[in-house]
Every structure is written in C-alpha cells, then in structure tokens.
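Same chain, two partners: subunit A is paired with subunit B first, then with subunit C.
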Partner chain A sequence: MKRYLIILLIMLLPAGASALAPEEVMKKSQEAFLYQGKDFKARVMMKLISKGGQERIRELTMLRKNYGESGGAQKYFMYFYQPADVKDMTFMVYKFPAKDDDRWLFVPAINMVRRIAAQDKSSSFVGSDFTYEDVSGRDIEDDNHTITKEEKLDAKDCYVIKSAPKAQDVDYSYKLSWIDKGSFLPLKEEYYDKKGELYRVFSADEIKDVKGFPTITKRTMKNLLSGHRTEVTYTKADYSIGIEDSLFSERFLKQPPKKWIE
Partner chain B sequence: MKQTLKTNNQRLIIKSKSFLSVVCILCSVLCLLSSAIASDVSLHGFVQGNYSVNTDTSNPDGSDFKWAGERAQLKIETDVEPLRFFMKTDVFYDHIDDASKLELREGYADLTSSSYDVRIGRQIITWGLGDLIFINDVFPKDFEAFFSGRPLEYLKKGIDGIKLGMYPSFASAELIIIPFFEENNFPDPDRFHLFDPMPLITDREEKKPSSTFNNTEVALRLYRDVAGFDASLYFYRGFFRQPSMLPDSLTAPTRIDLFFPKLSVYGASLQGRALEGVFSLEAGYYDSREDRDGTDPMSPNPQTRFLTGYQRQLWEDFTLGLQYYLEYMHDYSAYKANLPSGFPLEKKIHDLVTVRLTQFLIHQTLRLSFFSFFSPAARDYMLNPEVKYNFTDNIWAAAGADIFGGGEEWDQFGQLDKNDNIYIQMRYEF
Partner chain C sequence: MKKSFLVNFSVNHPKLVVLLTILITLAFATQFPKIRTDTNPKSMLPETSDVRVWNDEVEKTFGLYEDMIVVGIVNEKGILNKGTLSKIIHITDEILKIKGVAARDVNSFPTITNVSAEAGTLKVAPLMTEVPEDDAEMRKLRKMLFENPLFIDRIISKDGKNTAIYVPLEKGANGKEVADKIREIAGKEKGDEKYYIAGDPVARDTFGAEMFKLMAVFAPIAGMVMLLIRYLMFRDLFLSVTLMMDAMVSIVWSMGLLIALGFPVHIMSSMAPVFLMAIATDSIHIFNEFYFRYRETKDKKTAIIETMNAVSRPVRYTALATAVGFGVLLFMNIIPVKVFGGLVAFGTVMLRVLSFSFIPAMFTFVKEEHIEKASKSEDIEFSRTSQFLKSLAGFGAHKPKSTVFVGLVLFSIAVFGLTKIVVNNNLVEWFKKDSEVRIADNVINQALGGTSLGYIVAQSKEDDYIKTPEAMRYIEGLQRHLEKLSVVGKTSSVVDYVKRINKVLHDDDPEYDTVPETKETIGQYLFLFSMSAKPSDLDNVVDYPFRKANIWVQLKTWDAQAMRDVIKAVEEYKAGAIHELPLQMEMEFKPAGIAYFNLVWNDEVLYDMLRGFIIALITVFIILAVNFRSIKWALVGYAPLLFTILLIYGVVGYMGKDFDMPISVLSCLSLGMAVDFAIHFIGRFRQKIVESLELRVKSSEDKELQTPNSELITQSLLWTAARPGKGIMRNAVLFAASFSVMMFAPLTPYITVGAFIVSMMLLSAIMTIIYIPALITLFQGWLFCDKCEGRK
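On to the complex of A and B.
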C-alpha cells in the first residue's frame, strides 16, 4: 500500500523536479553561486543608496580560491580602490565550514596588518546591505530547508526553498529563496524577521555566462524597513585564472600584486 | 616608567636632513620623469583642518591650543618596471608656531621579485600586536601627536632605512636596517605641562647616536603560521628612542646631556582565534646594554614586558578590545640603591589596562569610540572618547577629547593631568 502511495506521489510531482531534496537544491545553489571554478576574480562596484537617494561607493577587487569541495574552505582577498579613505586597504578572509572565519585587515596609513574579530556573520559588509554571509555564504547545515513550492520567476522555473536557521545566530527567522532549476543560481531571496514580516530582498538583476559558468553580474539587496539598498556590479569577472596560494599572505596584503588588482 | 622621568621632553623640530632632501628630490624627479614618459601615476591625498583646545588650563607658553593647523597631503605612486615609487608628503601651517612647514612622511622605492622584496627610503614600520601599546614595535613614534588630538596615523613616524623581505617556505622574514637614528617625539614643554626632575637646569644638549656603521640599527622579524595562530619572533639592536639625562654632576648639576642608551630587544608574539574572539600574547626582553646590572641611575634598567589582549565582536558593528600590559624592572634593588635623591622612585612592576569600545552606526558612516588607559600600579589614566562621521565618501570629521589624571605628578599619564583637551579633525580626501 505504502509503495503505491509513493508512486502516486511521484506521479503527482511536476516532471523534472522529482528527485531533489531541498538540501540538495541548496547545495547545488551554493556551488553555482559561490564555488564555481577553481578560483574567481571580479572588480566589484557597490553603490550604497539611501532612501533619500544619496550614494556612496565601495569599489574593490575580489579574489577567491577554493580549497576542497563545494561547501568547503575558501580564501578571499579584497583590495579597495574607493572611497578615498580606504584606498589601498586590503582584507583577507580564510573561510572554514562549521567554524568562525579568520580575518585580517591591512591599514596602509600605518603599514599595519591586524587580525580582526569575526563572530557576527550577520554584520554588514563595508556598511552595505549585504552581510558577510551574503558575500561568502552560509553553511547549509545551519538551516532547516524545505521546498515550499515551485513556480516561474522571470520565465524561469524555480524551486522556492524556505530556510529556517536552527540556532538564533542571525537576524531573520527564515528566508525564501527562488532557485533557478537550470542554473541553480538564486534569482530572488526574501528575508523575514522574527515577527514574520518581510524586511530584506535580494534580487539577481543580470546573469552572464563567464567561461561557461552562469554568473550573477548585477545584484541588489534592499532593506524594506530603512529604504536603503545596495546595488552591486561585477566587471572583469573570470574563473580558474591560477591564483597562487601565496597570495593569501601578510606579504601580499601589504603589497598586493599588480597583476591581480588591475 | 623610568625613562619617562629622564626625558626633558624637548621639542623635536622637523629638520630637513640631507638624507630626507635627497630622497624627496629623487622621488619627485622620478615621479615627474615617469609622468613625462606617460607611465601610470596615481595621485591622491587630502586637505585637513585639525584643532585642539585646552579644557583645563593654558599651555605653559600661554597658548590655549595644543594643536592648530591646516594641512595638505599628497600621495604619489608610480611604476617604472621593475621598480615602484611612492611618496607621501605633507605641507602644513602651524598656527601655534606661526610657521609653514614641509614634511616628508614617506618616500621609498620598492623592488619586488617572487622570493624577496626590498624597500629603500623613508617608510613606516609597524610590528607587534598591541593597540597603542608597543613592545616589539621599536620604531619611532610621535606621542605629542597622540596626546594633542591628531589623527592616529601621526603617532607613527617613518624610519630612513632599508627593509628586506624574504619568503622561504618555512617562515617569512623582515630585516630592517636603519643607518639614521630617529628619536621619539615627546610633548613639547611649551605646549604641555610635564614633570621634570631637574627643572632648574635649562642648559641641555641632545646627543643623538651618530650615523656610523656600529650605530646602524638592525631589526629582524620572523613569522609564520603555527596551528592557525600567527606567530612572530623579533630581534632589535639599536637605542632607546627616549633620551636619558646625564647631568654633569649629581650633587650640583649645571648642565644636562640627553643621550640615547644602547638597547637590544628579544621578543615573541602569538595571535589567533580563541574564546569567540581574537586573542593576543606578546612579550619582549629589553636588554639595556649600558646598564645590565641596573647600577647606573641614568640609564634604564633591563626590563621584561608582557602584553595580553582580547578582542571580540559582541553585537553587530560593536567591538570590545581589552589589554593587560605589564613591565617588570630587573635589578630593582640596584636601581633603588643608586637612585639620586630628588628623583621619584619607580615601582618594580608597572602595569596598564586598556579598554577599547567601538560602535559603528548608520551603515558604518558614524563611529563612536572610546579608548582608555588605566594603570593599576600607578593609578593614573587617560581617556579618549571620539565621534567620527563620514558626511560623504570624501568628507569626514571627528571630534574627541583627551583626558588625563590620577597617579602622581611624575607618572606616565598623571603628569599630563593639566593637559586635557578637546579636538576636532576635518578632512577632504581625494
């Protein structure tokens, strides 16, 4: 009897969506969003736009290298061009699964490399509407995932996944993600606060093919409570460019190699 | 703070040394040359107003300002393969001295290869883990800038020398060679009320170590990762950057020579993630080479210095930093036995506790910060609250206060008791 029920259920499910568990979808999404290629480079332009329309610019080169499988360790290297008071600043992150990041900051005015505390993953990244977790990802195991529905978004078939944090370690009570069934990139994310109200929305505004990898080259995070939003554009995006392990060191934090930051 | 007592706090006039001029001219010429051949030249800098007003009493010379000046800084950078040139120079007008001045903050050439790099010229070097506490950072500082409400970067002074970086697989190394001695800059006795153990002797002469081969300062740092911790070993051979007093007679002095005793430092540090934050340990042995047995009352005794620090983000954009620092004077009984009368007796153990609180608000454009020193041994303190706001990406302003007190009139911060000030810094950066 049970067997017939299962067959019946499978027949009722829409074609092509049958086998994937929500965790699988999120895993593939994480891979497509944050782990493509052996390494990755992009020039990142962030526009922080207030409700009144005042803009602030954060411009940086981001370099990322994978160590191990998707969901595994990664190293990030960032070099800032703008604004003027942070020009030549560099920032390095060693990201580990299921463990706090190691972070280092180089302050050029006094030629100092300093480790910085990195516990709060929901802290804003350089004052933008993106958090550190939005930039470098969140462990899949930290949330309970369920597929709430499947629907089209911008003519693309999507899974809609609800992710509820197991611990009270972030500001939201749950997140809904629209994951493209084709590319597995998140096309939209909605963050709901503890009262269940929608307050933060992510959207992928432009997706381009870079070396065969679909890549979100324009994205926006909007805070509905403050009216503040951050628009991010990636230019010069590239994958598997042969970033050396040695880049992620104090030496190059102090003297970022020209070939990587131009 | 035995050395503190021995300084005369003589004001350091920014001198245009011949070496400085040469580097300055060299860099300018190279920059111009390279721009002429259409190479990439990057030009940045700022225009700044910085004023600090006494809140307690006027300066000893009657002025009400600890600092008042406008300043423009230019940063020029260019590449002429395989070299890179960088120059950071300030032009400023000092309202207290009523004079305009030129200061080369940094000016150097870089040569980089895969396994080593060399930097020659005036450069700022920062070592060690302390937050405003320095054990293995033996490089020159400007404490007057720090106490008079200037931006923090002015606490550091450049060295004129060579830095060689080497990167073999087992560890990285930085070797610094400094042929031209540069002392610390201490508060000017015309601007600051300070303790002076021999106030009546005004005939004083500073004797800096001459630039000979034997006097060349050498500093070495070896560092690598050890089980996820950043580990460093340090070595320095040179001089104390704070002058000691040498009176012509201890019973009836008529003049004082200010000299810089020989110093070697052996140190180590370790920093990493622990207890949900960043944990730091640093130590150094100060080998006072001219007073190893502690019997010379005019040279500092050997010391061991320890620092432990902890930093943690408690909630979004709020960071707490705590430090405990301790210095232990060796051969204390010899020091006590030889201390001339009239000089205040230092403690065998001097310590400091620091607290730093930082809160960012409004998309990290508003920063509220608080820093305090407190010495459990001397019971003196310094407090530094500050508010900084970035009006736009190019314009920011900061306002804060330096408050000193407690302890005795000769203690590190106790002697600064009458120098409380509030300050403002405004900057347009491009």
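On to the complex of A and C.
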C-alpha cells in the first residue's frame, strides 16, 4: 500500500522536476540573464513608443563587467549616441548587492560630471518602460518566491515563479516570471499592481546564441495602463572581451576610449 | 374636422379611448428601466466637432488625462508637521488603490518628482517617501518645497497651510464614485486637518446624481402641487386628476420614446417632465370653458362638444406655437438642445391629441351633480377673480395712453438692463454656495493655483525647436504675461523644469535660475531629467519630437470668461507688444483643455439659442398672423409677449446674473409658452365681437352696426378678460406653481429655470390682460378698418 502511494506521488510530480527550490531557479535565471561571461558589450537600440504611435529613440553602447559571483557587484558604462543632442553623454553605475547603487552622469554641454542619487528602484530607465531594476536586476533576497506552476511557453518548458516583494519598495504587489527550464532566461514577466491588476508585461522576443551564451537580443516591456511600450534590440553583443577596470572612472566618462564606442 | 371627429368618437366610446391611452402608456413605461444619464459637458458637442477633435489630439500628444480630481488638505497650524505629513502619505497610498484612479500619475508629497542637489549629488526623485524624522529633516523638506517654483501653489500654498493631491482618472471612471471613496478614506483620519474634494469630474458626476434625484422627486412634487391648486380652483378631484393624468401620460410617452430611441438624459431633457406638466396646463382652457358652457346648456354631452368647438382653434394654435417654439431647437447644433426640443415638441403634440380624445372621454365619466356644484362658482359676476381681471383689463381699456406710456418707460429701462447682460457659464456655480462641491472648489482655488485647467499649446514647424533657447524664452515670457491675469493661479511648462535643473546642477546658485544659452545644454538637461523622472512629467509638457510644448494654465475659476481672458492675453503677447524678442517667432499658440472646451460649448450653446430665438420669434409671428388671418392683430398679440421677455432679460441684466446655458435655453421656450395667452385672448375677443355683431345684425337691419363701436369693444374686452381671461390667469398660476417647486432644487440651473418661468408666466398673463386691451382700444380704428373693408 505504502509503496503504491509513493509511486503515485512520484507520478504526480512533474516530469523532470529535479526538485529545484524557487530561489534557486531565480538565482540561475539571474545568472543567465545578467551575469553571463566575465564582461559584456552591446549596442542597444531602445524605441519608446507612445499609445498614439509616437516614437523616441535612445541609442547607446552598454558595457558591463562582473565583480564576483552571480548576484554580486557589477559596473556598467553607457555611452549615448541618440537623441542627437545628448551625443557623448555617458552614464556609469556601480552596482552592489544589498546596497544602493552609485551613479555618475557626464553632461557634455557644460562639461560636468555629476553624482546622481540612486533612488526609487522602480523609476524609469531613461524614460523607457524599463525600470533601473529591470536593467540591472533585483536582489533575490528582496522577494518571497514560489513556484506556482510549470507550463510550456512557446514550446519551451517553463517554471512560473511568483515573486512578492518583502518590503513595499516597488510599484507592484507581485510578479510572475516564466523561466525557461533550458536556458533559465525569463521568457515572460507579468507585473501586478497594488490593486491586483496586471499592468506591465515583459517579453523576450528573440534569443540568440552569443559565444555559447543564450542571450535575449530583442525584448519588449509594455505598460498596459498607459499603452506605452519600449522595444529594445541588442546588436553587436559580445562576451568576455576584456574590459579594463580603468574604464569605470570619471576620466573616461568625459572621454570614453574610442575602441569601446565605435 | 379631424379634431371634431376625434372628439365625437371619444365622447361616444369613452371607455375604449381611456383603455387605449392606458395601454400605450404602459408600453412606453416599460422603457424606463433602460434610462441612462449623461452630464458630461463634452456631450454638448458632437465627437467630430473641431474642439473635441483638437482636445483629443492634445490629450494624446501629451499623455494627458481628461479628468482630474483635486484633494485639498488644510491645516490651519500648517501642514509641515509629522502628523499631517504621515496622513498625507497614508491617504495618498489609499488613493492609489482606488479603482479608476490612474495611480502612476497621482501627484502628491510622496509621489511628485523633485529635482534637488545635496552635497554635489543630483537627485531626481519623489519629494517625500517617508515622514521627516527630526527637525533638521523637516527644515530640509521646507526648504525644498519653498525653493522650487514647481511646487508653490501646486502642492504647497505660500502660507504652508494647504496641500493638494492631484488624482487623474482613467477613461470612463466615475468622478463621483472616486470622490466618495476619497471622502471615506479622509473621513477615517482624525485631527485638525480639513479635506476638500474638487475638480471637474466631481462636479459633473455629482450633478448627474443630483439630476436623477431631481427627476424622481421634483417632477412628482410639481405634479402634486398642480393637482392641489387645480383642486382648489375647480373643487372637483376627478377632473383635477384627469388633468394630472393628461400631463403624466404625455410625460411617460415622451420620456419613454426618448429612452427607447437610446438617447441618454442630459440636464436639459431632465427638465422636460416639468415643462410638459406646465404645458399641459393649457388644457385648463377646456375645463374653464366647459364649466361656463355647462352652466349655460345643462347637458353634459352638448357642453363637451360645444366646449371643444369653442376652444379648439385657440388650443390648436397654442399647441402649434408651443411645439414650434421647442421644435426650432431641432435645427440647432448642440445635441442635448436638439434632443430636448424634439422631446418637448413631441410631448406637446401628444398633449393636444389627448386634449381632444382622452379629456373629453374622461368628461363623460363625471357625475352631473359634481359639475353643477363646481360650475356654480364659475359665474363672471360672482367670481372675484373675474372681477379683478375685469378691472385689470379696464385699466388698459380706459386709460390706454398712460398704460402704453408706462410701458414705453419700462421698455427703455429694460433695454438698458439688456446691455448689462454678461455672457458666462460656470459648471461649479451650478451648485449652491453652501454645497460641498462649491465650498471645496473655493477653498482650493483661494489657497492654491486653481482647479480649472486650460492648456496653451505652442506649436513650431520643426523637430527639436522647443529645445532652442529662443523658444524657451518665448514660452517663459508668455507664462509671466499670463500670470499677470487675476484669474490665472499658476502656469507651468517644460521651461520650469529646464530652469530648475540648470539651477540645481549649479549648486542652487540663483544666477542659474534661467534658460541655458544653447540648445545642446537644454537637450541634455531634459534627457537627464527624463532619466529618472516619471515618464509623464516630461510627456505632459512636450511632445515626442519636441515640436510642441504644452503650457499648463491653472485657473482660479470655472467661469468660461476666464479662458477668454487667457486667450486674449495670448493674442496680445503674440502681437508682440509685450516681449522684447526681435525676431518673428516660428511658433503658434493654440488653446486647449477642459477650460477651453467649456468656453467653446458655452459660446456655441448661446449662439445656437440666439439663432433659435430669432427663428422662434419669426415663426411664432407667422403662426399668430395665420391664426388671426391678420398681420395687424398678430402685432397686437406680439407686443405684450415681447415686452415681457424684454422686461425679464432686463432684470437679469440688472441683477448681474450671468446669461448662462439654462437662461439662454429659456428664451426660446418662454416665447412658445407665453404666446398662448395672446392667442387665447385675441381669439376669444374677436369671436365675441363677431357673435355680438351677429346678434345685433339679426335684431336690426342697420348695416352701420357691422363695425364695432368703441362701446362694444370695451364691453367685449372686459368680457374676454373676465371669462377666457380667468382661464389665462389659471393657466399662468398653475404654470407658475408647478415651476415654483424647482426653486427649491439643490442645483442652481433648476432654480434659475423655476424663477424665470414663474415670473415669465405671471408677468405675461398680466401684460396680456392689461396691454392687449390698451392696444386694441388705442388702435381700434386701424385694427377694425380692414375688417369693415373686408366685409364690404
């Protein structure tokens, strides 16, 4: 009797379930999404599209270097090409786990580098529908994670993970993520507001293999309430290209090395 | 012919007619549960109208909300203390959870974007996410608030006692429901703070809710008042109820039809039941005559038929005139005006059909002794009313010259009053002074920048032009110019952000509180701002390609006039008299927003009504001329009518009451209604003359007597005043009584309409009875001349 019960229980378990804890899934996903390689470079094209179809363009080169394990410190360097009047503007972020970021901005028109206060994690990244957190990640310990179900999305097996923030520090009450069991990349995310209504949707629209790392090269974030959406395309994506530590300094903010921004 | 057939049929088959009437009424009544109301002033103009298309475009371009609720919080001891600030945070949090609230763009202490610099670090973040812990932090907050021009008069008053939470609504949200929830949230807070909830959606949707109540409460009360007065007049409950039913039936038919056709009930059509009830009083002439006739013939059926024959012509023409008065509204541009006109015109025609079918049928059910009892008092000689009316008419007939002279004096005074009329409209003033909506609006308007919002859209011809220093300075100059107007509480634009960033980047040096020198600098500042601010902060003030900028103009009043002043000031500025910029600017300014919309529809309604009034004037004159078959008589009938209207509008001018939408609507209607009296008076008077002449012709062969002499004229005038005049007076009193109920309504347009109609009716009845005799006596030679010619 007991034996049958155990067999039954095993049969009930989803196929291939290697008994991953939800935190582990999220950790692996964070690694696959934001920490691949020693460093990373891409030319980023953002299209901010209003409900009425009006477009704003943000074009930049993004350089990223990891310092430590997945979930650890990172440094970001961004150089803007578009809009035209912000050409040569640069932006630098030091990201620390469990601590506020440090941010600097170079304003070429007045030749001035300014510290920018890190604030509200859910504030928009350069006016897009992505938040700073969407771009650089959120500490896994900040949320309670549960696996709500496992299902196929675009013929890929996924974990569906519900992440509810422990503190009231963000706009959403919880988020559902569809994490691909193969690549551990998030294929879709749904954000529910404090009224419990779905209001923001992320989708990975194109995934390419770059130096053996599956990389999301096209993504969209759509705000269902405002009707606004942001489409992001990565071109010239590359990993482990040997970005120097010295790049992440005030000097190079003012005069970024040509080789990284052509 | 058709009418008399209808009367005969009804008298012969009374039960069938009544049953049919009831069945049709029930059929229309089944439509009532489908009722919808629409109090949005936007519905005044079709969606395709220029102003709506333009406003929609502006809303889309700048990501604006159609509707915004403003929650004012007042603490006489100042709001910058831990207690009040934590309440602000808590209330804001709760508001964000309300359904229908566009949470992402609610602006309040914890959510509004603040640009500041601390120890060399630039900060673009919500102003206050946590209550300041100690005095030092409180001082910092105070400094940030009062040093940032974007905040003063927006979220903090200059004296520090007021703040506001700006709550934009998602499309289709009900303003009253959201406002009620906010009241509930604020109601739970204890302490010295007072809370005020204002804004266009609150006013509009509260108005809608009140309107329903009015229809459900005031129309029946008006009905009961009429029933009571009628009973006092005729001392016969059965007949009074019959008349009442007559009105009710036509109301059910017309409202049922309106609802069945899928039209929503607007403010104007909500008044239709009371109008129809009043118009129904015209059938009092039938009753009036019936009682007189019954005394003469003593046979019910004959009395009914005779009555209908005697009054059918005036009753038909008065109905026609009333229907036309309302019917012309069908040719107007404003949809609710059209609907209202059609609705009342339909109801009026139905009332007349009922007068010739349902009423005679009901007459047959009355017990003879009842009528006998009632008609006893209907003797000209004994009736005090008749005696009084006789003396009134006598005044005109015996002293025609002085009567007309007094009239001319009053006329010129009235004309002077007319010149003082102010055209205006104010949605918030549709509420009484002591109403919650109006108090809230006043408090917030006095303390902060204003609850009424208009936009001035600056449009250039090339992308990124808004980022040029010239464009920025040009816009800034306009803002300063507009702020000189007393109705303008605050203006804000993209320039304010640019200046703020310039100053903050330069360590709060006041010297940098200016527009930067180059386009690149401005572009980079704006980009910097957009890197951290809410997307809407920038979207609300500039379009995507930076071709257009949106200047917010907060007004301290909902007067349509205020926006007119703003537009005038913009024109002045454009004309170049004020700014010192040498070059011709490649930029247009165009007004938009709800304040602008209110101005446009206000003007459209007034223009429409004026047009309608003129058409009604002409049409009613033609009807009079056709009815009397004489232009001369039509002129005589017209005089007291015009006179009354002039007098009333003169008084409106002297009182300083705004000539607003309700008043303008009334102008047409009063014409169609008041003309009834002239039709009855002149019609019956001439009938009497003809009857008397025939009598004399029969008794003597003297052809001379075919022309009425002045003695006969005076006699007939006095008779007309006493007999049909009593009907006129009763009609006017009933009319006035039913409308006087509206004077107790909680909404001012209804009060205005009530007061206007009451004075209109009483005045025009008296004018008819005094001035028609005076004019006839004065111009008898001229009036009867063509008659004698015609007879030869």
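Going forward, the second predicted complex is superposed on the first by the 251 of 262 C-alpha atoms of A that agree within 3 Å, B and C clash if a C-alpha of one lies under 4 Å from a C-alpha of the other, contacts with A are read in each partner's own complex, and residues count from 1 in each chain.
Simple rule for what comes next: contacts are C-beta pairs under 8 Å (C-beta built on N, C-alpha and C of every residue); 3 or more make two chains touch, one makes a residue touch a chain.
Quick caveat, the model's predicted, so the values are computed rather than measured.
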item	value
When subunit B and subunit C are modelled together on subunit A, clash or fit	clash
Contacts of A:Gly52 with subunit B and subunit C, given as first, second, both or neither	second
Touched partner set for A:Ser122, first subunit B, second subunit C, both or neither	first
First (subunit B), second (subunit C), both or neither touched by A:Ser249	first
Touched partner set for A:Ala109, first subunit B, second subunit C, both or neither	both
First (subunit B), second (subunit C), both or neither touched by A:Asp85	both
Partner chain in contact with A:Asp193 - subunit B first, subunit C second, else both or neither	second
First, second, both or neither for A:Lys258, with subunit B first and subunit C second	first
Subunit B versus subunit C as contact partner of A:Asp100, first or second or both or neither	first
Touched partner set for A:Asn144, first subunit B, second subunit C, both or neither	neither
Against subunit B, colliding segment of subunit C, chosen among 469-477, 613-621, 631-639 or 685-693	469-477
Set intersection of subunit A contacts, subunit C complex versus subunit B complex	50, 54, 56, 83-85, 109-110, 112, 115-117, 119-120, 123-124, 126-128, 228
For the subunit A and subunit C complex, residues of the former touching the latter	50-52, 54-56, 80, 83-86, 89, 91, 105, 107-110, 112, 114-117, 119-120, 123-129, 171, 193-195, 223, 225-226, 228
For the subunit B and subunit A complex, residues of the former touching the latter	44, 46, 79, 110, 112, 117, 123-126, 152-153, 155-156, 165, 167, 172, 223, 228, 230, 271-273, 276-278, 311-313, 315-317, 319, 360, 363-365, 390, 392-394, 396, 427, 429-430
Subunit C residues within the subunit A interface of the complex	60-61, 63, 96-97, 99, 102-104, 118, 120-126, 129, 170, 464, 467, 505, 516, 518-525, 527-528, 530-536, 538-539, 543-545
Subunit B-facing residues of subunit A, complex	48, 50, 54, 56-57, 82-85, 87, 100, 102, 109-112, 115-120, 122-124, 126-128, 228, 246, 249-251, 255, 258
